[in-house]
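Chain nomenclature is as follows: A, B and C, assigned in order of appearance, with residue numbering initiated at 1 for each chain independently.
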Amino acid sequence: MAKKTLGPVRREFTPWEDTAAEPFIEFRNVTKRFGDFVAVDNLSLKIYEREFFALLGGSGCGKTTMMRMLAGFETPTSGQIFLDGQDLAGIPAFRRPSNMMFQSYALFPHMSVENNIAFGLKQDKLPKSEIDDRVAEMLRLTKLEQFAKRKPHQLSGGQRQRVALARSLAKRPKVLLLDEPLGALDRKLREETQFELMALQEDLKMTFLIVTHDQEEAMTVADRIAVMDQGQLVQVATPAEIYETPNSKFVANFIGDVNLIETKVVEASPSQTRLEAMMGGFLIETDQTTSARPGDTVWYAIRPEKVRVAKGKAEPGSVNAVNGPVWDIAYLGDVSIIHAKIGEGDFDTLKSTFANVTRVVEDPITWYDDVVLTFDRNAGVILDR
Amino acid sequence: MRSGPTWFNVTSLVLGFTFLYLPIVILVIFSFNESRLVTVWGGFSTKWYVELFKNKQLLDAAWVTLKVAFLSASIATVLGTMAALVLVRSGRFVGRSLFSGMIFAPLVMPEVILGLSLLLLFVAMDQARGFWTVMIAHTTFAMCYVAVVVQSRLVGFDKSIEEAAEDLGCPPVRSFFLITLPIIFPGVLAGWMLAFTLSLDDLVIASFTTGPGATTLPMKIYSQVRLGVTPEINAICTILVVLVTFGVIAASLASKRQELQRAHDERAAFGAN
Amino acid sequence: MSQKKSQAPKRSLGSKALIAVPFLWLVIFFLAPFFIVFKISLSEVAVAIPPYLPTFDLAEGWTGFVEALSGFSFENYIWLIEDDLYWKSYLSSAQIALISTLITLVVGYPIAYGMARSPKEWRPTLLMLVILPFWTSFLIRVYAWIGILKNEGLLNQLLLALGVINEPLVIMNTDLAVYIGIVYSYLPFLVLPLYASLEKLDISLLEAAEDLGCPPWKAFWKITLPLSIPGVVAGCFLVFIPAVGEFVIPDLLGGSNTLMIGKTLWVEFFSNRDWPVSSAVAVILLLILVVPIVLFQNHQQKLAEMQS
């Protein structure tokens, strides 16, 4: 039997599945309050050596506070933080073995590129020859050799970003902290840089912790993602798990596009679950099991690209199929999105996304066409929160 | 809205700036008057400037004033910069509103009150009055101006630059001198210049707090002005006006050039990309 | 997230020293002197050096303080009330300051408006031209007006030559000269905040008004003026507060019957050598000024909050 996984496999690296593995970074029951505001709420998290870990969430969710506590710019109100077995309490930022790449890059405007990179090494009072070697290596690594003598304001945004990266890597920190590192770059440069970051992390065999609000960025670079909301972890899992098996409506909504269908449980047996959709009244059958009882309300989350659309009508009594007129069509170039109206209410629509694999379409679907929407037994997930 | 100057705007600007500058221009012109009468033109002459440099008392006063101004501006710059750091960075602490009140009050407090109160303090402390008491008095009110100037510079300062230095292993005090100070330096320099000219100008506070042997130039000018307008005073005023004007224009041109250079570099960097 | 203030952060020795040094300097050389002024305002005149009788000595501690309390004389304050010179000085200071502030506003508004509506590339130069007089000596700028305003001065010469008047105008040594001096000296203080608020005004607001059928002169009254009020208020405070206590201008330009409290205090102190009474004058002046200073502070704070 062929091996089954959620999505493509990027690298064989799953220390978090090994119960005996020692975490490299550990947050233990950490709480951080600012006055009445709870930024981080009794949160525990383990991150492993050589992992590329992403903290993902909207603004104010506590992700930046987590990183700043690790870097030493904020002190936890309660709880402990360990790095490589060492309790970080009481250690000031300038003695911690982590380095940070700032959102604003925070380059020293009055120093040249090479002096920016050398700054951290000089604080360690390394011999001059070693500093020079390390700076040269960093300049080569980030392709900044010909800009060594320039000042930050003489660089473009992408170059500044690389200087900030080189500066934070120069000391070979135990963990590199990246605070929205690519937020200021335009989309194309951002995508390139994401792959550069991943390659760099593989080469240097270092632990990276990235904070971002950009779900695509987190999905691209990270081995594991922690989705945060209101100071708490909602789900910690690999990108594929987060996308394919979200554990809550919040995660399903936050990552990617989703149809969230409110349903009533009709049958909940150990082998399968049957649900009746509130809108459209169609039946959903899945192998997934649920702890909910018949009559309970649960949600069925299904990604639009997993909903197939075709002209026609569903046969009466069919499951995992529903029909209705086309309500809206969005053409985005690579994909198109069709909204079909399947219920009475204004918002009772179901989305289907499909790739535009041909340039010319024969007999295209258009407004008010009757379409049938179908999906596989295990295309979606049942969510009870 | 029409862009470009309308006749109304141009007229108000011309009249306004004439009002601001004409008295000073007249003062400068009449410092070159041959006649002793300051209001009747008697031909061009530089003799009042020559007189000036023969007037030992006046030169002494000028020297005292420069020493006071230099010292008080320097101390005020250190204290004012510290105060600005406290205002911007220290968050809440007991007495914070008292502290900011003490920084802002001297800016609007009548000089007669500041002068009188400091004099009475020195008397109560049984302190002989003279050079040092004037210097302390000037430091006290000038530091508040420095604090305001430096504060405005600090507010626009990206704090993460300091955090980056700390993150790279630099302790806070060292990162202030290595990173923060060089970046806010233009503001500190502007604060120093302001403190220097304020001290140079001050008549009222110096009159209260001075003692024998520490007569400052404004006091000298004031006592002569009371006796009447003379071309000699016009001459010394002209020298002061020219010095200050050149200082301010040079400083602002320097900062403007720096800005232009920076803008140019930035364009070049982005153009090349 | 990073902007939130942490509550009561633990401070290192260094940051304590950072607060303590300027704080102590100001307490000793700014705050403490006021208490001494207050103390001396409650003592009696003496022919001595210093010319007052100390009514209590800090060395005697609390008992000395209590004893002294009964011995305090409010004579100087009663004197201030009984002699109409003083309250007339206060009133006339406030009046002169108020009138000068209004004139400064009328003179300064068109300048600030003209600057804010000038082409962008002129603005830094114009701004520097307004600031420059602020750097040149106050005394010199007041002095410059003497030659212009006096009876045989340049203004009278000009007007006589033009045949506008037959006899020289008496401006020097009158209240009018004081108004001119205050307006001239404090004009930059009003123009700067006003310019700042006018320059921020979004031109498209006026375009929107015009687009909706409002003629430009009306748009000025309905849009520009109301939105520049914060700048007007700040500028007026900055002129009014220091003008109340002004000494140099009334002394050099005003006449013997120009009453201003700063001058009265000076004369009381230097000519009459009556330290207790001049201290009492200072205390009352301070009390009078506390109201506008606090109002000004609140106004600035509100502005800062609105902007953030």
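Quick note on the criterion: a contact is a pair of C-beta atoms (placed from the backbone, for glycine too) under 8 Å apart; a residue touches a chain by one contact, two chains touch by 3 or more.
The UniProt protein names, listed by chain, are A = Spermidine/putrescine import ATP-binding protein PotA; B = ABC transporter permease; C = ABC transporter permease subunit.
The model shown is predicted, which means the values in this text are computed figures rather than measured ones.
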item	value
Chain whose mean Cα position lies farthest from chain A	C
Centrality ranking, top chain (CA atoms only)	B
Averaged-CA centre spacing for the pair chain B (ABC transporter permease) and chain A, given as whole angstrom	54
Distance from chain C to chain B (ABC transporter permease) - Cα centre to Cα centre, in angstrom	17
Computed distance of Cα centres, chain C from chain A, in Å	58
Set of chain B (ABC transporter permease) residues in contact with two or more other chains	160, 172
Junction residues of chain C, two or more chains touched	2, 5-7
Contacting residues of chain A [partner chain B (ABC transporter permease), same complex]	71-73, 92-96, 98-100, 102-104, 106-110, 119-120, 123-124, 151, 153-159, 167-168, 171
For the chain B (ABC transporter permease) and chain C complex, residues of the former touching the latter	1, 3-6, 8-10, 12-13, 15-17, 19-21, 23-24, 26-27, 30, 38-39, 79-80, 82-83, 85-86, 90-93, 95, 99, 101-106, 108-113, 116-118, 120-121, 123-124, 136-137, 139-140, 143, 147, 160, 172-173, 194, 197, 200-201, 203-204, 207-208, 218, 221-222, 225-226, 229, 233, 237, 240-241, 244-245, 247-249, 252, 256
Footprint of chain B (ABC transporter permease) on chain C - complex, ascending	2, 5-9, 11-12, 14-15, 18-19, 21-23, 25-34, 36-37, 40, 50, 107-108, 110-111, 113-115, 117-119, 124, 126, 128-133, 135-141, 143-148, 150, 152-154, 157, 184, 187-188, 191, 203, 206-207, 210, 216, 237-238, 241-242, 244-248, 252, 262, 265-266, 269-270, 275, 278-279, 282, 285-286, 289, 293, 296-297
Chain B (ABC transporter permease) residues touching chain A - in the complex, by the definition given at the top	158, 160-161, 163-172, 175, 179, 182-183, 262, 265-266, 268-270, 272-273
